[in-house]
Amino acid sequence: MTALDESTTGAARARRDVADTKLLPASVGLMTRSLVNITRLPSAFVPSIMMPIFQAIAFSGTFFAIIQIPGFPTDRSINWFLPLGVVMGAGFAGIGIGFATIRDLEGGFYDRLRLTPAPRMSLITGPLFAALARAAIVTAVVFVVGSLFGARLTHGPLGLLPLFAAGLGVAAIGTGWGLGLAYRFKDMRAAAIMQLTFFLMIFLTEAQTPLFIMEGWLEGVTRVNPFNNVIRLSRLGFLDPPMTWNDTWGGLAALVGFIALTLLFARRGLSRLSDV
Amino acid sequence: MTVALHPSTFAQTAEMSKRSILALWRQPALVVPSLIFPLFFAALGTSSFSRATSLPGFPAVDSYLDFALAGAVVQGVLFGSTVGATALATDIENGFFDRLLSSPTTRSGIIIGRMAGGMVYGGLQTLFFILILLPFGLSIEGGVGGMLAMAVGGTILALAIGALMCAMAIKTGSSEAVQGAFPLVFIALFFSSAFFPRETMSGIYARLADINPISHLVEGFRDLTIEGLSMSAVLRTILIPLALAAITVTLSLRTLERRLGAR
Amino acid sequence: MSVTTLPIVAEGLQRYFGSGDDEVKAVDGVDLRIEAGEVFGFLGPNGAGKSTTVRMLTTLLSPTGGSARVAGFDVVEQANEVRRNIGVALQDAAIDPLMTGAELLKLQAVLYGLPKNQHASRAGELLERVGLTAAGDRRVGTYSGGMRRRLDLALSLIHEPSVLFLDEPTTGLDPMSRMSLWEEIRRLNNDGTTVLLTTQYLEEADQLAERIAIIDHGVIVRKGRPAELKGEVGSPTLFVTVDDGAVEQATTIVQTFGELRPSPEGALGVGLTDGSSAVSNVVRTLDDAGITVRNLELREPSLDDVFAEATGYRLEGADA
């Protein structure tokens, strides 16, 4: 390590040889932090796994009778509601990142993160990776428990792909949306907004019943809500009709679109932090 | 334990009630889960399940709303009374409660004062749901009598749940623990006939719904709405909350005694 | 060329909040040129604009006007390069209560791009340096306020920055911790680190800083070495105690050296027009007149006086 040269009014520089911080290691570091922290808050962690399981089971038990409606695409109510549980669990894994970020902002730790030379994007991708990891776990757990309660893949293991795609995708959407709102409001108001909007988005769809059963206002809304494609995507492997590319691409396109929008929202919000 | 004079007990209870009612009023965070959510789900249900009303096991209704009102009211009151307890837990956390205890207010006065706000809210909620759904096709066979019975039921239910949460708040002294009870309330609500008739369920799920007192409570409200004013319906609507309230109020008074005894 | 290589340079730095009638001019045209290896003190009351200035210099806040270069890089255009070269400890320790001290240091190491094999050793070094080795594996949420500050300092030093920003580093600390932190700052400075510290404690500025700037309502009202600034305020006061009988005569004599000033019971106070070098003359003159000097005390104008003269009011907590 060189001593400062007195003759030049030296360009002050760090004495340690610090190279550029790369996006990937920074993201991994922040991902690890997110994941470790969530396990340290059992009051948040346990419900995040239990609630999706509960939702899948409770909905399938309460609304058991709808499978009797002629034309219903499956004869097992757990088949119909398991993917909904996954989507809700994954979505809230993403939103959970928003909650954690609010805590960091309110507590001042976020300043610490912004002071580092880590690429700005890593502040988003790190927690995003954590949300994806959590969503993968939730999806797997809900699938296993749901299977114990009678859920069956109707087209073989291939049916897991759209389920995981929907789960991971919704987690990414939740992350982008949660972060963007956290940056915008910097306090718990954002938490309430996140939960409410996500809930609305998930339920203004075929979450509870298929389109052909609906009547009235919800039918109209569901037809135009792009998020409905995501709900459909998640169910592909659990329903009687064959899985076709036709049904799949709509869901993937919706996911890509929403993910792009929400991540952009987050990225802009992050830049704006230095404007206030 | 000093015995306070009756007139001043009343006055103190009234004062505490006023405080808790005002506090509830100032909480916008209360409005969404206790008012918006239940209405939202009732609205969703009307669009989603109107075809389902022709399924075997479904009571004969003109509109799904007739079926859904009961569940919406019970859901709203359950969620609404959980919030009041969080406020109590916060008071305990920051020591306000201890100061209250050393004042001459009677013990039961403190509990009832706390609950008063929730009770008034519970009654108002019930009426609010009814009134707001009437223009959308809701009709109450039980008429005004039925509505009153429901309002009373809602009020007492708010007391019952509020006292339970109160006991939890006093025992744990932590608002986080109380908030943790929220999901439990949610679960109890779902394993009942709040959203769909028990007759359409099957297996263990149906058994659980059968023994869940919330099922019978909801069905009391439901019968008042769909079938009319009957003794059985009124009893279920009012007695079940009353029984629950008796248990939970005793529980919270005991918990309070224990907490005081431990000092 | 030399301007761009000073560790901190600010020109007309400005930060306004809000607009129209609600506009707040938190920082309204601040110029700074900090020399390499110096300790620079930024002195002012709450709300003067110290923290806002620091936030701009450390890239956390964008200026609404003016410019700044830190470690030779522009704070807006080359923010990441700035970050690589500075260490920052803000007013409230910026920590995560769920993580342990060691974990936080290792995360810093990751985010500052330190080679992987150095993470653990560097964390250990810094924990030892701030005296937190024993607490390193405990969650930071269990640390006391003083411990959190120390960890915060350690976090800011992970990459051995050549420029260190400390925003009110000892506010709220007990005297022992304060002394200890002052020692650490001096040590860092001896190693060559340039330090910019903000404070509302006159004594801190006086003790640590080679140069200071006094900031009030967003503008710098005084800048320079403490001694020079004090000298500009006025003359030092000499308190002389003589025997009762000689008071009248002594008064006549001392008056020739400057104006009389209020003094404690039994002493004479005079403002030395020619400065402290006149002390020996005063003593000699009194001596020649046969007056015995029982007690002598020389009081320089304090930073408190400098501040009061510059802003029109006294800094609260000046006796802290």
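Each chain carries a letter (A, B and C) given by its place in the written order, and its residues are counted from 1.
Note that a contact is a pair of C-beta atoms (placed from the backbone, for glycine too) under 8 Å apart; a residue touches a chain by one contact, two chains touch by 3 or more.
Everything quoted here is computed from the prediction, not taken from an experiment.
Engineer: Can you list every chain that touches chain A and also touches chain B?
Structural biologist: Neighbours common to chain A and chain B are absent.
Engineer: Looking at mean CA positions, which chain is nearest the middle of everything shown?
Structural biologist: If one averages C-alpha positions chain by chain, the most central is A.
Engineer: Among the chains, which is located farthest from chain A on the basis of C-alpha centroids?
Structural biologist: Most distant chain from chain A: C.
Engineer: If you average the CA atoms of chain A and of chain B, how far apart do the two points sit, in angstrom?
Structural biologist: 33
Engineer: How many angstrom lie between the centres of chain B and chain C, each centre taken as the mean Cα position?
Structural biologist: Centres of chain B and chain C (C-alpha means) sit 59 Å apart.
Engineer: For chain A and chain C, let me know how many angstrom lie between their CA-based centres, rounded off.
Structural biologist: Chain centroid spacing, chain A to chain C, equals 47 Å.
Engineer: Sort out for me which residues of chain B touch chain A in the complex.
Structural biologist: 29, 32, 40, 43-52, 55-58, 176, 180, 183, 187, 190-191, 195-197, 200-202, 205
Engineer: Using the touch definition up top, name the residues of chain A that touch chain C in the complex.
Structural biologist: Going through chain A, the ones touching chain C are 1, 3-4, 8-16, 18-22, 25-26, 28-30, 33, 36-37, 40-41, 104, 107-119, 274-276.
Engineer: Hey, which residues of chain C end up touching chain A in the complex?
Structural biologist: Residues of chain C touching chain A: 2, 4-7, 17, 35-37, 58-62, 71-72, 80-81, 83-86, 88, 90, 92-99, 103, 107-108, 110-114, 139, 155, 159-163, 192, 194.
Engineer: Can you list the chain A residues touching chain B in their complex?
Structural biologist: Touching chain B: residues 43, 47, 50-51, 54, 58, 61-66, 68-69, 192, 196, 203, 208-209, 213-219 of chain A.
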